[in-house]
């Protein structure tokens, strides 16, 4: 399954004086990245909601694919596992991990979502272990499907709701899943499929992309009220920034209405 | 074409469950039934006969979905020790086995976590204390393809993931130069579990089994394994299987034991039949926060019950199960 | 582990249909539809748009079973030339294409034969005269696994057959020393057909297709192929597909064209629907004994008809088809 | 499919003064080789009938498997193709070539049947080409599933209804499918699965096995009325023979009754 270790720590922390929550903002940003007539390998939690939001707004023909075998379902309500029956409800196909992962490896899947305990400047992530692998301080679940997503999907989107110097690390304890590894060409040299890799990182502070020349993380937009100093103060590694940094578009009323429709009980989004 | 293929990198993880294909062919010839044999037995007998201490064990289903809980409880009840677990989206299954003291090693694609429900207290504690050793890492797809190689009777499977990561470095895979493209490609070794446990909605007495919804990786996993123990919601006549031969996901010659256990996946979800027992899952997650709590849970629900039917009574019996059926079946899901 | 893997032997056959996995990934990203698009079109349009001269072509089904005849006749009618055929149990399909002058090369697992019905006069004549060239040999299983590698997006697949034979020597496979067992193992290169034609009993307008009975190798073949053209006995609403998502053998994003052609497999067998048209198959086999006879057959049934419905009239229309349905459906076969 | 190129040339040639036909004798001999509670990869024609006869006599629990995906059917009538609907009628599974061939490769299949245009002393066979591969005199269908049967099944049984110096050859034009290749250990050295290979050859004249030490063909039994001289006169290569050669047990009345039940119209057996 797509590692989403952080997503169980769900809190309803509204931004100061703003009507929307962090989770809503992040979800809306993620949703807008998903183009119509493309495919996305979906995890549970926010990625699920973002994908459903995309389908109900600008991308009605977005194909949702689940690593356990569900393809193109009509999701009746939020699944709690990427294998539960809601992931293949009225699906076009209820098939196997072999089939879905083969499609990923063969190049059929455009977007993949990842979360992580920690991430570095190149979008490599750790979901395996904090501390030493042989004698871990904290043992995390491991790759699950994360390495597969990061290896195969054309564009990987990271959702990190707790950006800090503890999660944006200069050096990871363990690289579970490849980002741009060590810079341009490193993925190809290592043997990964060509031309794919990290695309966006969405945190509670900002949206990031990766610099074309260095493949290091750079700011794409700052969430309302957040400064470049805030961003840098919450990262061990330096984050690049263009001369002019736009502000992230907040959730629209229509987006918020759809989010309440998708997660009426606030199971993931909080309330 | 060149005379040699360079090996570019070698993972340092322990090689778990690989067998020489010829040695395994000979074992299959000798041990797997090709005739229709009535394989019905109790869960107790299945575990007694087919799950030795130290076995390399894989669990069917996916996370909290269609998990073979009745067999897992029985393994704990019989106090099996030293198991090596295939951590292929191992969630509630492995957490209980670890809590029960049955596990020595894990090869980890996904373990020690419960997806949205958080980390596994029992599993984490055991790894962090050194009680349980993680001997290798890999990804979900890579594990699945290890089973595909096992099913096919070939020694390895080429894959294009894991490159450039510590996941590869701690795996038992190797990386070579593909003789056709000249690019690096990874070979994962075949995996052949000693025993695999799978819960299905229906099968016949011989083990011809049908799964409703996604089979996930059970098709490949079952075929790769030496011993396959099935629990089933219902044993049906083989005529019923033969009326829809295309629906058979696991043929009888793969199967060693057939145990009829209605609600055998409780407290996990059985697609189209019954939902997660969320309060019960949460009870385990709460209790497992301390070793004492985990032991208390196991004393009450596993060691304190003689079999799965007593367990079902203890978790609320017919009323609870009826409620879970209604949740799953009333949501408009199709059969 | 050693630093190099020795290459023990290299087949001399032509490498047909292999593509660099990255090049193919980029092509798929650019060309395969991920959204639901109505792909209904006529057989004529499907062939015009997707079957160029010189294409590497594979035919679904198996021998005389579920053969995509309507598309095959149309390829002959449109006088495609220089095709390279995947001879994966190619029987009636390839024989007609060769007779029609469409074929230049064949990679052969099984071709030029009709199982119990004997050798293929047209196919044999073309190969023996040099008109058609056999460029490589392999076995049925090896071909199927070439498609499996193509489906998986990996460059090759390990297999344990073919060793020690001329079949291997004339294949495009190589033999290496398995780094785990130290034993020789063969790698067959992935195969990625330019176009695959498959006839199915039902699919929706987007191409979500279900096959009744054995899918044979169509699941892997379709996924390995760049273009997939479906003919279907019936186009159904996608709700009908979604009612039984586990029955979907080919998902829509694999498919490029959907053509509704009832009886589209005639004169071959369509499981549960209609039987072989034995007299018609025999008519071809008799006629094909001479080049003139083969031409006369094709003039009458293919070039002399504008489309498949005219062909069906010519072979006896409703009366013939009804009879074939009765033969297949009255034998007590299940759905 | 299993190559059975010879089996379409079906003639009803009764043995001199005998009540049974050649085809009946061969089928009965083949049938008796199949043990109960074992599996057989079945081709069309005589192998099919032999397998069905075994099921109806001494091996009711013989598992019939077809390379195109049919597993354990209740055959309603003789299939004409290993993929036709009769091969998965009331089967325990209707699955794929990948599944069946994987089971073969993994060691689940005990017996396989093969026919051939030509065979040599080691049980190697040719079903590909007569003459030169590049410029064939006669182009045959190729391996089909024959190489898979000969590579994977534990015991391969050959049915050759036309033994002669043209079909029992010293040197094959093309080795399509491996027998014992060039003698003891050759299969293993070549990379084929260990411990399996040719088991019996059944012709219109005799039943053959393979000498343990040389892996060359040797007589197991002579059909009634056939001499060792007949056997040798119809082979390019020398055929080994033990000191005492038994006579093949003719079809029993019960076997012949069952054969008529299985092939009432004499489609394969002739009449």
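Order as written gives the chain letters A, B, C and D; numbering starts at 1 within each chain.
As a working rule, contacts are C-beta pairs under 8 Å (C-beta built on N, C-alpha and C of every residue); 3 or more make two chains touch, one makes a residue touch a chain.
Since this is a predicted model, take the numbers as computed values, not measurements.
Interface comparison, C-D versus B-D: the pair with the greater number of contacting C-beta pairs is C-D. Chain centres here are Cα means. That of chain C falls 28 Å from that of chain D. Distance from the chain B centre to the chain D centre is 40 Å, each centre being the mean of its Cα atoms. Each chain gets one centre point, the mean of its Cα atoms, and the points for chain B and chain C are 36 Å apart.
Put simply, the C-alpha centre of chain A and that of chain D have 58 angstrom between them. Touching two or more other chains at once are residues 21-22, 145, 152-154, 159-160, 183, 185, 213-214, 243, 246, 334 of chain C. Residue numbers of chain D whose C-beta contacts span two or more other chains: 70, 88, 90, 94-95, 105, 193.
In terms of inter-chain touching, the protein chains here follow a pattern that is not a line, ring, star or complete graph. Per the contact rule defined earlier, chains pair up in contact as A-B, A-C, B-C, B-D, C-D. Looking at the complex, you find that chain A touches chain B at residues 1, 3-5, 7-8, 44-45, 67-70, 76-77, 80-90, 94-98, 101, 104-105, 124, 128, 133, 135-148, 151-152, 174-178, 181, 186-187, 189-193, 268. Those residues of chain B whose C-beta lies close enough to touch chain C in the complex are 1-7, 10, 15, 18, 20-22, 145, 149, 152-160, 174, 176, 178-181, 183, 185, 187, 189, 212-214, 242-244, 246-247, 334. Residues 21-22, 24-29, 32-36, 151-154, 206, 208, 223, 238-239, 241-243, 245-246, 248, 251-253 of chain C touch chain A in their complex.
On chain A, the positions that touch chain C within their shared complex are 36-39, 61-63, 70-74, 88, 90-95, 99, 102-103, 105-108, 110, 154, 193-196. The residues of chain B lying in touch with chain A in their complex are 8, 61-65, 87, 89, 108-113, 115-119, 123-124, 127-128, 130, 134, 137-142, 144-145, 148, 159-167, 170, 175, 183-186, 213-217, 219-220, 269, 271-272, 276, 328, 331-334.
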